[in-house]
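To keep things simple, chains are lettered A, B, C and D as they appear, and every chain counts its residues starting from 1.
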Amino acid sequence: MILILSENADPKGRDYTLLMEALHGLPGIQVKVHRIEGELRAVTEVYLIGDTKPLVIEEMQALPCVERVVRVSEEYRILGRHRDDSRPSHFEYQGLRFGQDTLHVFAGLCAVDTPEHVEQMCRALRDNGQVCTRMGAYKPRTSPYSFQGHGRACLDYVFDIAGKHGIRVIAMEVTHESHVDEIREALRRTGSPTGAMLQIGTRNTQNFELLKAVGRQQEFPVLIKRGFGITLDESLNAAEYMASEGNSRIVFGLRGMKTNMGDPHRNFVDFAHVPVVKRLTRMPVCIDPSHSVGTRARAPEGILDVMHATAQAVIAGANMVLVDFHPDPPTALVDGAQALLLSELPLFLEDVAIARDAYQRRAAAARRHAGD
Amino acid sequence: MILILSENADPKGRDYTLLMEALHGLPGIQVKVHRIEGELRAVTEVYLIGDTKPLVIEEMQALPCVERVVRVSEEYRILGRHRDDSRPSHFEYQGLRFGQDTLHVFAGLCAVDTPEHVEQMCRALRDNGQVCTRMGAYKPRTSPYSFQGHGRACLDYVFDIAGKHGIRVIAMEVTHESHVDEIREALRRTGSPTGAMLQIGTRNTQNFELLKAVGRQQEFPVLIKRGFGITLDESLNAAEYMASEGNSRIVFGLRGMKTNMGDPHRNFVDFAHVPVVKRLTRMPVCIDPSHSVGTRARAPEGILDVMHATAQAVIAGANMVLVDFHPDPPTALVDGAQALLLSELPLFLEDVAIARDAYQRRAAAARRHAGD
Amino acid sequence: MILILSENADPKGRDYTLLMEALHGLPGIQVKVHRIEGELRAVTEVYLIGDTKPLVIEEMQALPCVERVVRVSEEYRILGRHRDDSRPSHFEYQGLRFGQDTLHVFAGLCAVDTPEHVEQMCRALRDNGQVCTRMGAYKPRTSPYSFQGHGRACLDYVFDIAGKHGIRVIAMEVTHESHVDEIREALRRTGSPTGAMLQIGTRNTQNFELLKAVGRQQEFPVLIKRGFGITLDESLNAAEYMASEGNSRIVFGLRGMKTNMGDPHRNFVDFAHVPVVKRLTRMPVCIDPSHSVGTRARAPEGILDVMHATAQAVIAGANMVLVDFHPDPPTALVDGAQALLLSELPLFLEDVAIARDAYQRRAAAARRHAGD
Amino acid sequence: MILILSENADPKGRDYTLLMEALHGLPGIQVKVHRIEGELRAVTEVYLIGDTKPLVIEEMQALPCVERVVRVSEEYRILGRHRDDSRPSHFEYQGLRFGQDTLHVFAGLCAVDTPEHVEQMCRALRDNGQVCTRMGAYKPRTSPYSFQGHGRACLDYVFDIAGKHGIRVIAMEVTHESHVDEIREALRRTGSPTGAMLQIGTRNTQNFELLKAVGRQQEFPVLIKRGFGITLDESLNAAEYMASEGNSRIVFGLRGMKTNMGDPHRNFVDFAHVPVVKRLTRMPVCIDPSHSVGTRARAPEGILDVMHATAQAVIAGANMVLVDFHPDPPTALVDGAQALLLSELPLFLEDVAIARDAYQRRAAAARRHAGD
């Protein structure tokens, strides 16, 4: 059960103390308080964990400071959509709204290689009106003998260049809790106005210790990728691990699954799950067409497979697109084969816009028919 | 290697005889002649099977009656797209064009139950301007003790009612070669102007004897569904089995795959493969959102999962949609849980039209950028 | 519900007539009679299909001719193991017992190529005391352009040679109902004392029309292979299709599954399911290590992977082993890479004997501890 | 390329300095030195990483201190079996030999719950002559709201009790590098003579930061479980991550895979891969029948599925068995349903012994036939 406290509830006030006394007196119930700092206002949510079935909603609602009570099912209790659940399905970061009703493209480098390429990438983004990007510094690789990313060494120039080109958020994978500190320090050191969205890759979806670490901090929002060999339910529970530690500014990312089909793509594109995740949880949903599709194959009408997959996700309501570009794919150190060219950025963005427009027309048609 | 003969090549003429003598004289080469009856004209293709590498294209082109020569790779030699392959990617049937550039919706009953329901379904289709439908008579079921479809017993009234409502093509699954005869006889007996597209279900994708049987007849086109537990390549080879027997009026159908993901849908929706099949072969591509998605779940913006999946396929260029409707789903004998309501048909068709329009705008944008 | 009739129940007698009258009078119950011809005696089983819950066992038992009544669950009603189910888990054919307590090796040719190779294979079997073999005449292949087996053309010499070498049963795949007739006719024509076990391959596990056809005949027992892309439950239901038509002399075959693991073998070896199938049903369980493992790789202690897999199945109670040998693997037309050499037959058989002995010692230990 | 130095190579000696100078002078080659402390002697291996193709083996062999040179393929360069590779396939720990030629059973508690249960478990082990066990303190769980293990709090009493009962090695999962320190400190604090084998669970198989951390320490050997949704190759590379950091006392564990088969067991038992891993690498192979099978189902002859799976692994050469027992399964906090009873320990050990004996007889037969 979740109690959402009224906005002016004061942790040092008498009402708050009375509330806590009442809650701690409930037999067999564990009490966890989360303060979620929004850009406009802070919200305090109190989680009651244990057998909450005997608790009466009306009685809980009558406790001091309590504005609203949500009875949650066992699963995804923080992030899930529950009956009569009016908690928001969006958050703000760096002046941008990330929600189930918005769309942001994060085009960028899968793996940072040189300052020149970062510069070229950021300039192309600015020229096309983009304020978000992806930049890979820490790269988990299957073999210990493959290039593992420049790591901390590239952070300063990445944030520096991005900041100069008006980039407001960089999505960046972390594979160890120490990386979060390194990113925080680089941002401070460079004074870059850019922010970071921490990315948990598919190999770490069930690295619970890492999830707890990024869940304990609230400075950066987190993009968690679905695990490629586990069920959707298990991946959503992984997101819940972070939320249970206090950070619920989470975007859920689809990136293709491994299957037994000898898939013609690098992975089995799972973007039909975009509306499913939006139905089950309140998280915005990101897709990664580059790692899903994995090639530059072109369909008969001249459209790249990566664009087809992106359009499929966007027409079904995707909220964020993480996509690999590279100024010179053949020299890319990681996954060059799947990167788009900078010259393809305008077509890619136009393609996304057509699909987004179609999504909005579909939603309008659905509302109109519902009103018939 | 394929030799496409000139239109006026006469099997009884002297040139044709000379050609055959030349071909039969080629060492280690098997010769197979296919006459493909189109609505406008007939085409004769001669397949040379065996080690054709030593054959010189120019020499073959110089043989009498030969209009064009296509050197094919081993795989999908008839249905595939080969370098410099200008063979068509469409066919005509019942006055309709089925191609990689068209779109037809086949809404209808997964399993025929009563004449009343067939009547209601066909009336709704006519009222919404539709001329195609799906009607299941022969139903392969996992358990021998489940309802197996009305089979031959329902054919007469199905064709009768459909004909009266202006339906021009009914997609209908067959699981034994005798069913083709039963369908042919029912059409003759009823004198219905309706035609049939034979459907090979996912359990029979590698039932090679059945494939050869429907490949040997040329009266009906065939929709072959992808096998749910085999690779895409294996399924495309299954389509080639039919073509190798002479019938190349084939539509390839995607219907979701079985995976290990504990999928939130009935199957793993594989519609990202629409452009892949169009790239690898010249077949129009059908999707079956009902059996892929399998539920009536509704995403937050009020759109059913079945509609989301359909829109995803159509925005990527799907050419045919097989979708389950039912006048009264709770009484449906098979898969009622996934059927849409007749009252949802107008929204469904509008949704498809929005996605189709977006697909065409995307293709136009791609062409425009290519011309830059 | 199944009624097992007393041995002397006479279909033309008065008691039998009374029984049928009583059964046909049961509301909403369908009655199916199966006469199972054993080598020693015939058994008549009556299947009551429909809602049998209201029927009282004691009342049914009191009907004339009824010896025993088995209330079955929905699934695998004929082949399954049900509570208090004392129906046998074996059958006799050609003087051999095939049961959950026996073990037979069927070493032989995956695909018959020449009479000489059949001769060499059969001689090696006789020299090693074997009376069963596998011989592939009809070969379903992924591509229509691959060798499809010699089919009917090789049957006469296969049965002829096998008969001369004392082979009593040949396992032989069929892919169309007409093949059963061809086999029957070849046996008659040659007068060979050999028998045939019809084999349903993994691509036809859900070819229900073929299953019904081999289920309707009772001359030959059937080995049905598990479908490689469906659940175990679906495959067991496929076996039940045959049984529901009257033939319950069925062996269930494991042959490896397709998975997403990039398996080091040709398929994912599933022999841990040997005891599971024996627990769920009364069918003897066959394994096909050749198609599961698919290579001749050798582990450090000098044992081939195919032998390791076989030993794993046998120590867990497998009842039949289908294994590919070839006198000259490099010239084999199908799957030569996985065939064992004739010179490896003695070691293979010794290896199987060691594992079988271990199985029996394990079962004895389990019984001893249970009796403690 | 790996240079194995002579035993008396002295890192402070002149020869060693000359060697290093020569190696560091090789263009484009990175030099990594690993000193592996064995119980009897230390071995120094030098890894040359980069393009080593131009290096001539004879020349490298002639360098000072070099005893042997192994040219390795790209993959598994440290752990793999390479041509002419005579590096050992075993290691010693706590007076026990863990090799591809030994077998150890680690029966114990999946999750430690109470000191009483640890006591009962250890007593049963001692009474049955066992000196190894498994004890779970840190439990990664799918949901953040499930019991996560007693963690550090139980370490002292676990080591204490185990030490008193003569347990020499406890396998214990770690999910964060700090757990290694906690285990080390608990061992010191309690003065227990017991040792620990660190266990990396399937969710962390590609948690490369954790692998590197346990690879950097050499005090404890490591058991790494295969990842359940990745290829075998990817999992073997994960083991190589640890070895590349210096610790090559590694056991590789099979624990069943996730598949799309609706498996009758908890996971798809993958013990056919035991000989494959022994062929590809020099690691001893462990199996975890409890988590693979996941139930207490009993086959017709009275043998539990867990025992069948174990026997299958052992007859194919498995070197270590990790198996769940519990004094009172219904009260177990994690996975009680799959635990065996203490009273079943004698039968389990006898069953293992029968299978091990059969394995040895098989290996002897293979040697005998090879010598024919």
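By definition in this document, contacts are C-beta pairs under 8 Å (C-beta built on N, C-alpha and C of every residue); 3 or more make two chains touch, one makes a residue touch a chain.
Since we're looking at a predicted model, the values are computed, not measured.
Peer 1: Of all the other chains, whose mean CA position lies farthest from chain B?
Peer 2: Relative to chain B, the chain with the farthest C-alpha centre is D.
Peer 1: Can you spot which option in B-C, C-D or A-B is basically A-D again, with over half of the contact pairs the same by residue number?
Peer 2: B-C
Peer 1: Roughly how far is chain B from chain D, centre to centre by C-alpha average, rounded to an integer in Å?
Peer 2: 52
Peer 1: Go ahead and note the Å separation of the Cα centroids belonging to chain C and chain D.
Peer 2: Result: the chain centres lie 39 Å from each other.
Peer 1: Please output the residue numbers of chain D that touch at least 2 other chains, ranges allowed.
Peer 2: Residues 229-230, 258-261.
Peer 1: Could you pull out which chain D residues touch chain C in their complex?
Peer 2: So the residues of chain D in touch with chain C come to 81, 89, 100, 229-233, 257, 259-265, 268-276, 278-280, 292-293, 297-303, 305, 307-309, 311-313, 315-317, 346-347, 350-351, 354-355, 357-358, 361-363, 365-367, 369-370.
Peer 1: Could you pull out which chain C residues touch chain B in their complex?
Peer 2: Where chain C meets chain B, its residues are 49, 74-75, 77, 140-145, 175-176, 203-204, 206-210, 227-230, 234, 237, 240-241, 244, 258-260.
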